[in-house]
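Each of the next two complexes has subunit A plus one other chain: subunit B in the first, subunit C in the second.
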Partner chain A sequence: MRALLAILRKDLTIEGRARELAPSMAVLALLLLTAGSASGMVNAAPAMLWITLLVAASLGLARSFHQELDQDQLSALVLAPINPVLIYVGKGIANLLVMIAVEGVTLFAFTILYNVGVPREPGALALVLLLGTAGIVMLGTLLGAMVAVARTREVLLPVLLLPLAVPLLVAAVRATEKVLAGQGIAAVSSEVGVLASFALLFGAAPVVLFEFVVRE
Partner chain B sequence: METLGNHAGAEPAILARGVWKSLTGPPVLRDVSLTVRSGETLALLGPNGAGKSTLLHVLAGVMRPSRGVVVILGRSVEDPAVRRYIGFAGHRSALYGHLTAIENLRFFADLYALPYRHAELSLELFGLGEYRDTPVRLLSRGIVQRVSLARAILHDPRVLLLDEPFTGLDASSAARLRELLSSLRLRGCAIVVATHQWNEARELADHAVVLVGGRVAANEPAAGLTPDRLAALYEERRPGVRGPRPGAPVYAESTE
Partner chain C sequence: MILPVLAALLVATGVFLALRVAPVEAFQGEPYRILYIHVPSVVASYVAFTVTFVASVLYLWKRERRFDRVAYASAEIGQVFLTMVLLTGPIWGKPVWGTWWTWDARLTTALILWFIFAGYLMVRAWSGAQGTRTAAVIAIIGFLDIPLIHWSARLLRTLHPRPAVFRPEGPDLPSSMLMILMVNMAAFLLMYLALLRVRLGQERLRDRLLEERAL
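Let's look at the complex of A and B:
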C-alpha cells in the first residue's frame, strides 16, 4: 500500500508542478466541444461528450508513461522490490484523477454549449461517467505503457485506443442519452454492465500482462 | 531466502553464463559470461556500443536475456526476492526532474519500505545537504549524478551495478565516490563499474572484463590493463571480426 500511494502521490505531484497533461487535455476538450456546438451537433450531445473525452484522454495518456522513460526511471521502478502491477495501478489511479478533473471542466462547458440541464437521476449520470472514464483510462494506461518506447507513441496510442474503445463508446453514449432524456438507472443497466466489464477487464488484464510489457 | 541471507564469498555474488541479448537488429550481447564474488569489484570496459549498458541492465534483471542465465546471490535474477539486494545506477539518472532531491529519495525509500532517514543519510553521504530541497531539473549534471548514486545505494545493496559513475563528478565528489565504493567492498558488496577509463578500472577494480562488439574480448586482472593492451583488444575484436588475430593473446571467458 505504501508503494502504491508513493507512485500515486509522485505522479500527482509532478502533474501539479509540471501541468503537462490536464491543461492540454482540457483545452483540447473545450475546442472539440465548441467546434461540435458551432457545427450544429447539439442533437448529438452525448456522442460529442464521449468522443471529446476519449480524444482528450488519448492525448494525455500517451504522455503519462513517457515521464518514466526520459531518465530511465522505469528501470529503477522495475528493480524495486514491489509487484510491478502496482506501477500500473498507481499510474492508472493518477491518470483517472487527472481525467476526472478534466471531466469537471468538460462537463461545465458541455452543459452550457449544448444546453443540457441536470438529469432526473444525477447519480445514474455520475455512475456512467465514472465507469466510462475508468474503462478509457485503464485501457489507455496499458496501451500507453506498451507504446511508451515508440518514437511515434503520440500517434500510435490513439490509433490503438480509439478502435478498441468503440464498444465502450457505444455503451457510454447510449447510457448518457437515456439518462439525459430522464430515464433512471434501471433503463441503462445493460450499458452499465458493458462499461463495468470494460473497466474490470482492463483493470485486471495488467495483472498478467504488465510485467511482460515493462521488462520487454 | 536461504542463499540470499547467508550468501558469503564462496559462491559468486554475480554469475552470468552464455548471455545473449538482441534488441532490434544483430545481437548486442553475444555469449557473455562473467563472475563477481562478494567484496570484489569488476570493471566493465569497452568502446561505445560494445554492450556495456545493456549487460548492466541484464545483470540487474531490468532486461531479460534472449539466451543464457544470470544468477545473483545464488538465485536467478528473475526471482523477485533478488531485487531488494541490487543497486543500479544507469547512464541516465532515473530521477524525476520536477521532484526535489529529497522527494526523489523518499519516493524510492517508499518503494523499498525503508524509513525516510535512509534518504537523509544517503544525501549526507554524498554531501548533498544544500541541494536537499532543490528540484532535480535545476541541478547541475554532476549534482544530479550524485543524487542518482545516493538513490542507488539507498537500500544498502549487496550487488551494485554502476554505469559510468564518475561522469560529471568533480575531483572531490569522485574521491568521495571512490571511498564509498571501497567501504562497500569491505562490507562484502559485489560491484560492477562500466567505464571508458582504463586508469579508473585499474584503480577501482580487481578484475576487468573487456567487451567488444558484444563479446567478452578479455577477462583478466585489472592491474594488467594498459592503454596499449586495451587498444589492441578493441582492434582485434571489432564487430564482424570473428576472433583474435592468429597468435594474439586473448583471455576471454566463453561458453562457446
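Let's look at the complex of A and C:
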C-alpha cells in the first residue's frame, strides 16, 4: 500500500511539475470537438464525444510510460522489491486522475459546442462516463507500457487501442445517446453491462499480464 | 513436401467442385458459390488465431522460443485468411443482401479482429526482439476481447435492421452442397497447415541465423 501511494505520488508530482500530459490532451480534445461541431457532427454528439476521449487518451497514454525510460527509471521500478502490478495500478490511478481532469474541460466544451443540456438522470451519465473512462485508462495504461520501448509508439498506441476499445465505444456511445435523450439507468442496462465487463476484463488482465510486459 | 502438394491439389479440387459440380442455389442463384471460399476461410482464420492465442499463453508461461514462432506464423496466416473473408464477404453481400456491408455482430467481429491482428503484426515488425512478449500479450487480450466485441455489436443491430435475406443460422444446406463445403473446409485447413510448416521453418532458420551471428 505504501509502495502504491509512493508511485502514485511520484506520477502526480511529475505531471504537476512538467504539465506534459493533461494540457496537450485537453487541447487536442477541444480541437477535435470544435472540428466535429464545425463540420456538422452535432447530430452525432455522443459518438463525437467518445471518439474525442479515446483519441485524446491514446495520445497521452503513449507518453505515460515513455517518460520512465529517460534515465532507465522503469528498470529501477521493476527491480524494486514490490509487486510489479503495483507499478501498473499506481500509473493507472494517476492516468485516471489526469483523464478525469481532461474530461472536465472536454465536457464543458461539449455542452456548449453541441448544445447539450443536463440530462434528466445526471447520475446515469456520470456512471457511463466513469465506467467508460476507467475502461479506456485501464486498457490504455497496459498498452502504454507495452509500446513504450517501440520506436513508433505514438502511432502504435492508437492502432492497438482503438480496435480493442470498440466494444467500449459502441456501448458508451449508445448509452450516452439514450441518457442525453432523457432515458434512465434502466434503459441502458445492457450497455452498462458491456462497459462493466470491459472494465473488469482489462482491470483483471494486467494483474496477470503486466509482469510479462515490463520484465527484462 | 507432400503436405503443400496435397493441400494445393485439394484446394483445386474444391474450387472445381464449387464452380462446376455444386448445384445452383434456388434462392440466391450463382453468387452463392462464394460460400465455398468464404466459409472455409472463416474457419481457417479462426483456427489460426486460436492457435496463436494458445501458443502465446504457452510462450509467456514456458518462455520457450518455439511457442513464439508458432504464434507469429499462425497469426500471419490467419490474417491472410481473414483478409479473404473480408474481401469475399462484401462481394457476396452485394448481390444477395443488396449491400456491401452491414454492422452485424459477425461482420463487426471479423473486421475488428482484422484490425487487432494488424496491430499485432505491426508490433512484431517494429519492436524487434523485445516485441515478442508484447505481441503475446496483444494476442491474449485481443482474443479475450472477442466476446465483448460480439456482445457490443449485438447492441448495434437495433440501429441497423438486417436485410430480410440475411439468416443468422445460415442457409440450410442440402447434402450435395454440404459435401462440397466439407471438401473445401478440409482443403483450406490443409493449406493452413502447409503454410504454417513453411513459415515455421523460415522462423526456425532465422532464429538459428541470429544465434550463430551472436556467437
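Quick note on the criterion: the second predicted complex is superposed on the first by the 215 of 216 C-alpha atoms of A that agree within 3 Å, B and C clash if a C-alpha of one lies under 4 Å from a C-alpha of the other, contacts with A are read in each partner's own complex, and residues count from 1 in each chain.
In the analysis below, contacts are C-beta pairs under 8 Å (C-beta built on N, C-alpha and C of every residue); 3 or more make two chains touch, one makes a residue touch a chain.
In this text the structure is predicted, and so the values were computed from the model without any measurement.
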**OP:** Determine, under the contact definition given at the top, whether A:205 touches first (subunit B), second (subunit C), both, or neither.
**Re:** second
**OP:** Considering only touches as defined above, state whether A:14 meets subunit B (first), subunit C (second), both or neither.
**Re:** first
**OP:** Quick one: classify A:147 as touching subunit B (first), subunit C (second), both or neither.
**Re:** second
Subject >> Which of subunit B and subunit C A:170 touches, first, second, both or neither >> reply: second
**OP:** For A:127, decide between first (touching subunit B), second (touching subunit C), both and neither.
**Re:** neither
Original post:
After superposition on the shared chain, which partner residues are touched by A:45: those of subunit B (first), subunit C (second), both, or neither?
Top reply: neither
Original post:
After lining up the shared chain so the two structures overlap, which partner does A:191 touch, if you call subunit B first and subunit C second: first, second, both or neither?
Top reply: second
**OP:** May I ask you to name which of subunit B and subunit C touches more residues of subunit A?
**Re:** C
Original post:
Which of the two partners, first being subunit B and second being subunit C, lies in contact with A:99: first, second, both, or neither?
Top reply: neither
**OP:** Could you tell me if A:156 is touching subunit B, subunit C, both of them or neither one (first, second, both, neither)?
**Re:** second
**OP:** Please write out, lowest number first, the residues of subunit A touched by both subunit B and subunit C across the two complexes.
**Re:** 215
Subject >> Parts of subunit A lying in touch with subunit C, wherever the complex brings them together >> reply: 139, 142, 146-147, 149-152, 156, 159-160, 162-164, 166-168, 170-171, 174, 190-191, 194, 197-198, 201-202, 205, 209, 212-213, 215
**OP:** Spell out the residues on subunit A that touch subunit B in their complex, using ranges where they run on.
**Re:** 2-3, 5-6, 10, 13-14, 17-18, 67, 70-73, 75-83, 215-216
**OP:** Note which residues of subunit B are touching subunit A in the complex, please.
**Re:** 57, 60-64, 80-81, 83-84, 86, 88, 90-99, 103, 107-108, 110-113, 135, 151
Original post:
In their complex, what parts of subunit C are in touch with subunit A?
Top reply: 60, 108, 112, 115-116, 118-119, 122-123, 126-127, 130-131, 133-134, 136-138, 140-142, 144-145, 148-149, 151-153, 155-156
